[in-house]
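One chain, chain A, appears in both complexes that follow, with chain B as partner in the first and chain C in the second.
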Partner chain A sequence: MSDSSSKLHRFSAAGGLSKRLTSWDSIIIVLTVIVLIIASAAVDNFGTSRNFTFMVLDLLPIILIALPMTMIIVTGEIDLSVASVLGFTSALMGWFWNNGLSIETIIPLCIVIGAVCGVLNGFLITVLGLPSLAVTIGTLALFRGLAFVVLGDGAVADFPFSYTEWVTGTIGSSPVPNVLILIAVLALIFGIVQHATPVGRALYAIGANDKAAHFSGIRVARTKFWLYVVSGAVAGLVGVLWTLRYSSARADNGSGLELAVVAAVLLGGVSIFGGKGSLPGVLAGVVLLAALQNALRLEDVSGQALNIVTGALLVLSVLLPNIATAVRGNWHRRRLRQAAASAR
Partner chain B sequence: MTTSTLGAPAPHRSFVGGLLKTRELGIVLALALLVAYTAIDNPRFLSGQSIRDNLLNTAILAVMAAGQAVVVITRNIDLSVGSVLAISAFTVATMMSANQDLPMIVPIVVGILVGAVAGLINGVLVRYGKVPALVVTLGTMYIFRGLVYSWAGGDQVNADELPGPFLDFANDSVLGIPWLVLIALVVVGGVSLMMRNYRIGREMYAIGSSPQAAELAGIKVARNLIVAFVLSGAAAGLAGVLFASRFGTIDASAGTGYELNVVAAVVVGGVAVFGGSGTVWGAGLGALLLTVISSALAVLDINQFWQQAIVGSLIILAICADRLVAVRIARSLRKRDAHV
Partner chain C sequence: MAESPAKPGNRAGDPGPARLEVADVTKSFGAVAAVQGVSFPLFPGEAHALVGENGAGKSTIVKMLAGVHRPDTGTLRVDGADVEFAGPADAKAAGIAVIYQEPTLFPDLSVAENIAMGNQPLSKLRQIDRRTMHDNAEKLFRRLGVPLDPTRPARGLSIADQQLVEIAKALSAEARVLIMDEPTAALSGVEVERLFSVVRSLRDEGAAIMFISHRFEEITALCQRVTIMRDGRHVATELVAELSIDDMIRKMVGRDLSALFPKQEVEPGEVLLEVEGLSREGVFRDITFNVRAGEIVALAGLVGAGRSEVMQAVFGVDPYDSGTVRFAGRKLKAGSPRAAMAAGLALVPEDRRQQGLVMDLSIERNVTLPRARKLARLGLLFGGTERRSAQTWTEKLQTKLGRLSDAVGTLSGGNQQKVVLAKWLATGPRLLIVDEPTRGIDVGTKAEVHRLLSSLAKDGMGVVMVSSELPEVLGMADRVVVLREGKIAAELTRAEATEESVMYAAMGQKVSA
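Presenting the complex of A and B:
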């Protein structure tokens, strides 16, 4: 019996995963700190303030999109369209700018349009009840396609200097980038909502068992719908920041970023089946990936070879806890057998 | 849906089968409408050369879609196929440029083997490592891609380093059918047959419908899942050989982003992402439809930039259609039960 139930384990929604995942987010945080310490000591220029600024700018898009993505994956769904929403709002930003809108109008407009993209996802997933993986692969193609329709393969670059400078700049003469405030504020808001409010608890309940959540009075569909809207809005915001940072609105901005975000969230210990994971773990996951990438680049290791590290970490983040559980189980069974034998 | 085909009385089966047939009929109709509309606008769309180009462009995608369909039917997903294509293409191209005289069968076998090994790794991690397929194949997508990059670096194999016969293979024909198209037909046809008529195929559907039930029914879930991933890997490996032969210039970025096209073809072809339903030849048709759309846009002189947006809308439409069929089946099954 125990054997067949362990075979079925993989398919069950979240059964018995709690132990390994709660431990994984602490492991990842410790691992991140160790990597940061070793890299500062061993890699030339890693600990410099200039490098710190660059690192924060590099992890900006992934960390912001990962905030709502964590919540979505905790509810057992996924949003693969985020990078295309980013590209779409970036393209629109260029188009609006060419058509003479002021930047003060464009930025909120782009965030709202991102949210509207999320409304479409949310409608298809929660109202029509379609699977989120398939829907967001569809809207991934759709929004990226619309980005190309809007801007073609051209680029718009002449955004006002005061705005591009704010995104790449630092606070006064300190090495702290302006955008770090934005990251901190948003991470704080998302962290409080996810870990200290009834809404946050509801997310975990939905991910663990959405039928049970429904019968205990949680508005499952409505909660998921708003998650997609928030995810779209944040992706829209990141589209704006991306455009300003590189001072270039292009339809292909952020291509492929969706898988990097999902990888970071899963690496941070969130279960793809939903119901498990924490925001601190995810933040550590994002920082770990960014720090490794940065350190290896300073050591002249090709950025593409780093893919191996990212992929291996991702697989190991689930595999190692599984092996640990299996070993612990074996050990426990052997002890039971020994106890039974000595009792006889 | 398919659980009923396993144990239910015959009338059930033909009823469900009939509805599924209408699903693929939808793709055929969409294809026919698209081709007819485009041909009226520009009759050259139906010329031999144009049909040939469309089929050649479909071949690589269709081979990968056949493997992916099997994996998706078992309620899993394989996102590593684009990277597996790159490993296979680069291995084969390097081998052929070093040994100019090898007969064509050698690169084909090597490509398939490379892909099968990659698929085996995926399958073992999914089954024995108990890691969800999305996580495993997202991970190996990065790992395999990283391996190609660290092997190839910035190098690329150019067409002039490859032997003539290897490059001609993509354009040569047998009885008027290009080799590439023939291979795609054999793969899609063979895998369709396996999934439709053979025990292992029916077991794949059972696993996708309900993994627990399949396990309790005594189906060798472990073996079947690994076969599914090996098939998908082997198909991607074969696609790598075809890719190298057709395009001649191969670098480490070959096939980047293909995974989403392949999944799109499978979904448009009517294979449900939650497993247990859809057909392999439907996935092949999905690949054909996606390819024909992009060439029709060029012929109709519609801005090429619309292509991706149309593909996206099509995917969403396809899932909506599946949902509708599923709701209809559920309703009529309930009615049937009420009469008993």
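Presenting the complex of A and C:
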């Protein structure tokens, strides 16, 4: 009997390892690496340094906005207004530039205005207690509308070359884009906050059970409020980067980007119900989506087909973890039965 | 252990053939054999208690009878015929109704609609015949002797009333076996009495009742037969009249328990907590009391008297309208659990699942959650720090667990309660508020919790204990503050507090018998 119980114990320890290996964030990281390898080998021009630079520039807005979005979704909320904040700050950037403000003033100003947009979201959601889905669908329309009020259908294009060049440029003669440094620094900061600080611990507790979090002395509303402010500020920053990259301030910049961000976050293994997910998984999710789209485009696959692939991947990302859990459970049960039989 | 499960012969009035029989049933979940070779009969016209410590397998038995789980081996028999339940609907069709500790009514439907759910009377045009539905509900309530309005929505009913609605629902489905899984855990004394009178009349009408409870006085008051389980195994099925409570406890835990309520005498120290004129509109009014170091103060009263609400306001999780809370002479900021924690308060809340723990998070994260900021070095937290701290505290409280990285929801109720206690004791409080500290946990753990509270008080901690269990209140408390309808009805010293004096104050009237 004692023999069989020690056996059972070993199996449950092995269960921990298999759990880790079959968790969705590890699967998505492995999958991303595989896709990158296959694409480099099979798709012409995919592995070139030029293409690498473009891919990084393409995933820049999604990956930056996904950093705070991951935290927000982990707490069980959502921010759908991010792309509109991006458009709003882009439009404001053009308007400020036309009105003679210096670019050195405009950039911090736009980030602050993005944060103020987040303050509005945060106020409606945490102070008035309105549901974040409804609030941010509302402000999605509101901020985009304001963007058109500011700039109309026009575009502003004559931003200083030194700035636009920095955003599109690479470090020296290497293929590493300047913005990759920005991505790395921000991802590191967000990763540390989410996974190795008291605030990060609080996010998961809030998402899994906000009442118990409240009883544990966590300031639930305040934490969520600041998440929206940070999300707004990052969206403002991305509005600036977007404008400089295309050298074009337009009110419709980044339309629909919020769904790509949410898709990437969910693909990365974050539960839409909150409480579960990791930033490395999300980063892999963003890279996977970007690499697939990039590779398929290089293969001249049409835009519609791209959408089909993205959509299918998303559905799979929801389906597969459930299948993995079921398989894991079956495997575990079978081993137990064998252990029990051999002990008898 | 090879005790024959059915011993109908040893009762004066032969109960006849079993209505429902559990025969040599086994059920495992993953590594855990929850139930192993358990057999017992339920006879018509009898109430049968199922007792055992938490994790003894009682709930698994209930779920098999309810058709939620299927036994791995063994059989269930209804009226002598083998049955297999593919789902809860089959169990219901076989005449088995289960009433859980927390009823699951549809809050926005009326009481009558809830009762008729899945079984609505239809008019000629195949529409729901609302009048018949309401008449039926009224008839059922008359039969049960309870004054409930069938037209009111289920939302806002007390748990006791919700259980009565569930019983009415079971009757309307013509259930002949009624299984009640800790129905009294959240009920006050009067409500328990009312429930029992309903159950007794059903029993006398020939229903077979299975009753699960941790309270022995309820078992002796209601049941004829008792089945005792330990670690998933069947220990004994006997007539209640032939067993003393001590016998039952011995069989449940497999050892003797010295004393259930071992509060030691302590000379109280300085005043820690002073609550003065605390009021919250519609919840509690003008609450004034204090707690000294080394003292255990119990808040007694009926469920709904506002005890938990007062303590939650003191700790800052709920707001209050007026009054003051002082701790060690200093005024405590209202509405801020963080300020209360910093001052040296800790609250072990009533509802483990909703308030005490984050079920999906690991044991170690739960234990360290209130202290995450203190454990951080340069603002950073690493797994090792949290694990070591959680290890220390779960060991101190002798928590039985697999790995600290397991979700806390995988533990049994008693061990979950230990995790909550560990979580708060680790914050080093000077005053510990415990709300129903032993609700739904087994006798062994209960005694451990009582010993722990007593030794904490001995070391100079102040303890406020909200409890609905009179023996616990009388055994543990130095002083008893009794609340009734949101107001303080009495403050009794240890010498003054008796079952009668506490109940008298709690109900505001003389209790007969």
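Simple rule for what comes next: the second predicted complex is superposed on the first by the 301 of 344 C-alpha atoms of A that agree within 3 Å, B and C clash if a C-alpha of one lies under 4 Å from a C-alpha of the other, contacts with A are read in each partner's own complex, and residues count from 1 in each chain.
Everything below uses one rule, namely that a contact is a pair of C-beta atoms (placed from the backbone, for glycine too) under 8 Å apart; a residue touches a chain by one contact, two chains touch by 3 or more.
Here the structure is a predicted model, which is why all the values come from computation and not from measurement.
Touch criterion not met for A:290: it reaches neither chain B nor chain C. In the superposition on chain A, contact of A:146 is made with chain B only, not with chain C. When the two structures are aligned on the shared chain, A:93 is found in touch with neither chain B nor chain C.
Once the two complexes are laid over each other on the shared chain, residue contacts for A:130 go to chain B alone; chain C is not touched. Legend: residue contacts after superposition of the two complexes on their common chain; A:113 is shown touching neither chain B nor chain C. Of the two partner chains placed by superposition, A:167 touches none, neither chain B nor chain C.
Which of chain B and chain C touches more residues of chain A is settled by the count: it is B.
Common to the chain B and chain C interfaces on chain A are residues 8, 11. On the chain C side of its complex with chain A, the touching residues are 28, 30-31, 317, 337-338, 340-341, 347, 349, 354-361, 365, 368-370, 372-373, 375-376, 379-382, 402-403, 405, 423. Listing the residues of chain A that touch chain C in their complex gives 8, 11-13, 16, 192, 196-198, 200-202, 204-205, 208-209, 211-219, 275-276, 329, 332-333, 336. Only residues 4, 7-11, 124, 128-131, 133-135, 137-146, 148-149, 152-153, 251, 255-256, 259, 262-263, 266, 272-273, 302, 304-312, 314-315, 318-319, 322-323 of chain A touch chain B when the two sit together in their complex. Contacts from chain B toward chain A in the complex involve residues 77, 79, 125-127, 129-132, 134-136, 138-147, 149-150, 153, 211-212, 215-216, 221-222, 252, 256-257, 260, 263-264, 267, 272-274, 303, 305-316, 319-320, 323.
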